[in-house]
Amino acid sequence: MAPVLEVSGLTTVFHTRRGLVQAVQDVSFSVEAGETLAIVGESGCGKTITALSLMRLIPQPPGEIVSGSVKLDGTDLLRLSEPEMRKMRGGKIAMIFQEPMTALNPLMTIGKQITEMVMLHDGLPKAAARTRAVEMLYHVRIPEPERRAKEYPHQMSGGMRQRAMIAMALACKPKVLVADEPTTALDVTIQAQILDLIGDLQREFGTAVVLITHDLGVVAETAQRVVVMYAGRKVEEASVEDLFANPLHPYPRGLLGSIPRVGSARGLDVSPDERLREISGMVPALNDLPPGCAFAPRCTQADDKCRSQIPPFELKQPNHFAACWQA
Amino acid sequence: MSRMLRRLAVASVCTLMLFAGIAHAQKQGGVLRITHRDNPPSASIHEEATISTDMPFMGVFNNLVVFAPDAKQNRLEAVVPELATSWKYSDDERTLTFQLRDGVKWHDGKPFTAADVKCTWDVVSGKVDGKMRKNPRKTWWFNIKDIAVDNPLQVTFHLNDPQPSFLVMLAGGFSPVYPCHVPAAQMRTHPIGTGPFKFVSFQQNESIKLERNTEYWKPGRPYLDGIEYTIIANRSTAVLALESGKFDMNITGELTPELVKDVQSHVPTMQCVVQPSNTQGNLLINRDRPPFDDAKIRRALGLSIDRKAFSDILSRGVYNIGGAMLAPPEGIWGWTKEFMETVPGYGADVEKSREEGRRIMKELGYGPDKMLQLKVSTRNIPDYRDAAVLLIDHIKNVYIQGELEPLDSSVWYARLLKKDYAVGMNVQGTGVDDPDVMFFENYTCNSERNYTAYCNKDLEVLFRKQSQMKDFEARKQLVWQIDRTLQEDGARPVVFQSQGGTCWWPAVKGLHLAVNSIYNHWRFDDVWLER
Amino acid sequence: MLSYLIRRLLLMVVTLFGVSVAIFLLLRIVPGNIADILFDSAGLIDPAEKQKIVADLGLDLPLPLQYWQWLNGLLHGDLGFSYVSEKPVIDEILPRIPITARLAALAMIFAVCAGVPLGVISAVRQNTKLDYALRVLSLSGLSMPSFWLGLLILMACVRWFGTIPIYDRAPETFWAWLAMLAIPAASVGFRSSALIMRLTRSSMLEVLRQDFVRTAKSKGLSDTAVTYDHALRNAVLPVITTIGVETAFLFGGLIVTETVFNIPGVARFLVEAIRWRDYPMVQNLVMFIAVVVVSVNLIVDLLYMLVDPRIRYSE
Amino acid sequence: MSTTTATGPVTHGLMSTVWYNARRYPLGVAGAIIMIVFVLSAIFATWVAPLDPFSTNAKASLAAPGGTYLMGADMMGRDVFSRLIHGARVSLAVAIGATMIGSGVGAAVGLACGYIGGWFDLLVQRVTEVFQALPLLVMALVITASLGPSLRNTIIAIAIPLIPIVSRVIRSNVLSLREMPYVEAAKATGMSEWRVAIIHVLPNTLAPLIVLATAQLGSTILTEASLSFLGLGVPEPYPSWGRMLSESAAEYVRTAPWLVIYPGLAISLVVFGSNLLGDALRDALDPRQRD
């Protein structure tokens, strides 16, 4: 099956007063229909910029996508004109944001916000668009969707809002859904519901999902494949099983170590000695990267080579890629 | 371009009218529009002492006698009948009997009688409480012993002493006859008179409107349908409004000589007159408070003043220089130039006077390093302040360091009353150019307007003496001497005598202004509009 | 909603009561009273006669009694008589209100019509030359005294037309009113428009940075739709509040503007009344102003509720 | 959105901080320069002014700009330029005086309200509302009228309406600061309320206070000018810009326009400068309000 979304060599920079910031460097991945790809990393590692780059929502200036391609069904989104891209956004590729509290327009009813989009992309008349909006709210299991459609965001709880957000994102049945930390801001009990919902809808609509998260627990529960990013670069890519079983790069190893009992729900085994191991240090400033491996300053196994040369991202095991001199 | 054209058109029309005016008779109709400078404190002329009330409301009233409309100078010889048809002095000149005009009606329809005359002067002379809030000219009528109503059309004033100027004061704009039956409070808000114009409305700070009195006793008068005053506080705004043709004339005496020049350069056809406003700037020196209890310092202060510089700065040299009485040629009683030069401090050589002043001050221990520090108080009004600023600059020359103390109008007179000042700069006007008015109003011991409480009983005897003198030349000589004594005593050293400009469009006809007062020619019954 | 309104109205009454006490007391500290001023105009010094006027007007009564008389009259719709014109205060104030109201309304319309669009343009074109030019313009609007601007306009009129717009009589038609008040309104409204523009700009910039704008963009909406349908509505919320505050401020500007352009409105009249120590006039005018300001603020708050559902439903 | 921008500026002492901020806010620098020139000329007026601002001269009456009289002379023949420079003292005195009093008292009241709360806060809130029911100029007008025109009274009249403006901002600031985790933490360690107020809350209200005070600086100058324009401001002999303007406005709009133009220009320029500076300070000190 050909991938729906194929990203290759994506590089996004920011022109700031303190110099050029390489937010995303040479990132490639692909997602198939119905598949979930997780992009994992600590905050500041470039995963959100990657997501926004896919949507071409990088504020410009100061941001700029300097190279690479984002092919959606073979169409390179980066080469589209802005009006053409607008048709894609929401229509073919949609996005859910981290903060359901602020991501919805406080002065517009939920229904209107969905209707507006349906009318725009599917060319439906207002009444039909409204019906669709209510349908979508029903789909995301919002009780009394008719009444809820007339409500404003502040009248709903966080979980409800995120459901509404999902309803909106999926209203035009996009091929790809980019979900940027969709559950981070929510209570744990709600988190699971929302993830289940996304999974269910994904199956129903056959949508490809790019899930951006820092939460490996979420990854373990929902994704098939994982891309780990660090300081704007991919450092490891593998299937969920492979990564959790055998992380090659010390960074994901550290990540896995910092959360106990991860993946135990799916029976994945994490070696006890790697549990609870903190990663010391901070993510480096992106305009002030060390010359070699960006992770070297925090890496216990780093040697001179690590500190002087950037390791290539290469196939280390079957279907398992990593960028590490030590792996 | 269009402005040029318009001016040209206006100019040619005016020229035409100038010629036409000779041939044509006076024209009936039209509303005369006049810019006013500020809000009159009330509409009651007897209660006020300002042109702001006098000019707009004079047309509502009549006097017993008036200055002949076309008289160039307001003086005894120019007095003609108005509500009185004739007058007669007794042989001892102590009774003055007026025959009154028959059939004259007040604006409310009631007939005018001798009782109204008695009523009016009983009140203004202070004999009867007329419920007026204030009575600024009580001192004018010091000589009235009694007023008798002989019959409805004849009234007699019994005087204490002969007083030739009595008629002059009766003829002034500030001496209208009030109706007996109208309460003072109404006269302040809605005055009733016998005059050519009826009161219509007085909107505070906005406008005053008068309309033609169709039952005016003078046949065929007035010509105008009405007069409207619009209050425009800002002088340059008023001038521009006048020039734009929205108004026919400005309130009298309000334009500086500088502005008049400007107006005439923009509108050459504009008729303008610059004349003494009978307003003077004088110094109030507190002689009860050290150091001015010392006559020498008062004298030194007087010597430092350069009256020419005051005149030059305040009016480009137009202002008159003189003593208490208005200087000739406009004034009747003022010093001649030759006489003036003999008065100390009035010498032509200011530097010499100042040298003398410095000498006096040095004797008293003052000098460039030890200046006498004092406050110069004045009302916080530009006219007052400007003069005070100049004064401070001048007294520096005799080692006096003045600091300006501007006082709010509400505080000014209270401070004067309490004698709480060192030197005050004062500006004051006088209704009629006459020594009786000037001396009794400002320099008698018990006058309410004698701010410095200057009290010289010997001089007061002379005041009465001159008042009774019939011979003009002899009286004038005495007045000069009195004036000289006043200046020498530093009673209220006079610094300048102001002039003010009045402008009107050539379409306004029949307007006459006297050279020695701005207060007395605003009946408007002879004025017409040629348009 | 109703209880909110009642609470607000009660607070309004408390505020107005405070204003009445404050203005009453402030005026009594003023040195000199109407008698001084009246005598001043006649150049007279006579303590006895002055005392008579003071007694006539009841100014020698104990302050609480004077206050009670005024308040009692006020509650019964009797504003008393002006000390100066001796006419009922209501007759002096009423005819002047429409003039000032028209001027204020025109100025505010000018301010909003110029301020909001320019602010939006400035925000959308942030950091462009146009943005800089507009920012400098708005800042200079805030820096120029409105009377000076008025004078400059007058001077320009003199220079180019040889004459000036001056209020010499009440205009009769709407267009005549407009012609009469347009220039003064623009000169007083310039400041407000500058303020509104600045506020719109910063508010707009803040809104444009918010998540929901990004959401709107992710839905594929055009920039115009995002800017106007989503961002602007949110951005005008603080602007509405400012319009309320600015209405109060505008009155200050009107005082000098009415003076410069010789417009016989309420604002200039207040200055004259203060100058004349015309207590009934000043007290009632100030109360009137306070009522207007407080009501405008209430209306603005209600309007805010109308526009912002968050507030509407939380009450 | 994960932050991608770098950490804060690396500062090497005060000068570099100033330089760094100067580079960031060129308009603020322009404002600062205007204000510095204004303050210096006010302080050193006696040396800066070419002529005596009080000395009259009949020959120079209404002299046009140029030559000895750079900006012309007024009716009394006094040099307009010199008077403007001396007038800066009045504006400065009023601006600094009123702003300091207004902000100082306002901040104290605001802090007290935020801290004491209860009936005190309620009372102050009502008083504040009374003040806000009246336009600033009306308030100042009535106050100057009741106190009488003088420099001191003008300062007081302008300062009083500022108090509620400042106290409201400080109050709400204090209220929100009290909820801040570090303040809660300080309290949890057993620090007394007042110690917390002085050590933790006060310094944090300083930034908004400075911003607010700078923003008010310009408006106080404008209010003084308006009061003087209406004849109720700072009286002679101080050459106040507003009064210079008002008196010329009555007389010389056409015959000597320089008497109207230059004082107005001086007012506008200084207020402009203080606004520029205020904007820059707001951006630098109060990131929440940043554009």
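Of note:
A, B, C and D are the chain letters, set down in written order, and residue numbers restart from 1 in every chain.
In this text, a contact is a pair of C-beta atoms (placed from the backbone, for glycine too) under 8 Å apart; a residue touches a chain by one contact, two chains touch by 3 or more.
Bear in mind that the values here come from a model prediction, so they are computed numbers and not experimental data.
Taking the mean Cα position of each chain as its centre, A sits at the greatest distance from subunit C. The greater number of contacting C-beta pairs, out of the two interfaces C-D and A-C, is seen for C-D.
Comparing chain C-alpha centroids with the centroid of the full set of protein C-alpha atoms picks out C as the closest.
In this assembly, the C-alpha centroid of subunit A lies 92 Å from the C-alpha centroid of subunit B. Measuring from the averaged C-alpha position of subunit C to that of subunit D gives a distance of 22 Å.
Rounded to whole angstrom units, the spacing between the C-alpha centres of subunit A and subunit C is 53.
Annotation: 41 Å between the Cα-based centres of subunit B and subunit C. Annotation for subunit A: no residues touch two or more other chains. Among the residues of subunit C, those in touch with two or more other chains are 30-31, 154, 158, 259-260, 275.
Multi-chain contact residues of subunit D (touching two or more other chains): 148, 231, 249, 253-254.
Taken in their complex, subunit B has these residues touching subunit D: 233-237, 239-240, 256, 258-259, 262, 309, 312-314, 316, 380, 382, 385-386, 388-390, 392-393, 403-404, 406, 408, 411. Those residues of subunit D lying in contact with subunit C across their complex are 126-127, 129-130, 132-138, 141-143, 145-148, 218, 222, 225-226, 229-231, 242, 245-246, 249, 253-254, 257, 260-261, 264, 267-269, 271-272, 275-276, 279, 289, 291. Contact residues of subunit C toward subunit A in the complex are 210-212, 214-222, 229-230, 233-234, 307-310, 313-314.
Subunit D contributes residues 54-56, 58, 61-62, 75-77, 148-149, 231, 235-237, 247, 249-255 to its touches with subunit B in the complex. Within the complex formed with subunit B, the residues of subunit C that make contact are 30-33, 36-47, 49, 52-53, 82, 84-87, 92, 95, 154, 158, 161-164, 166, 168-169, 259-260, 262, 264, 268-269, 272, 275, 277.
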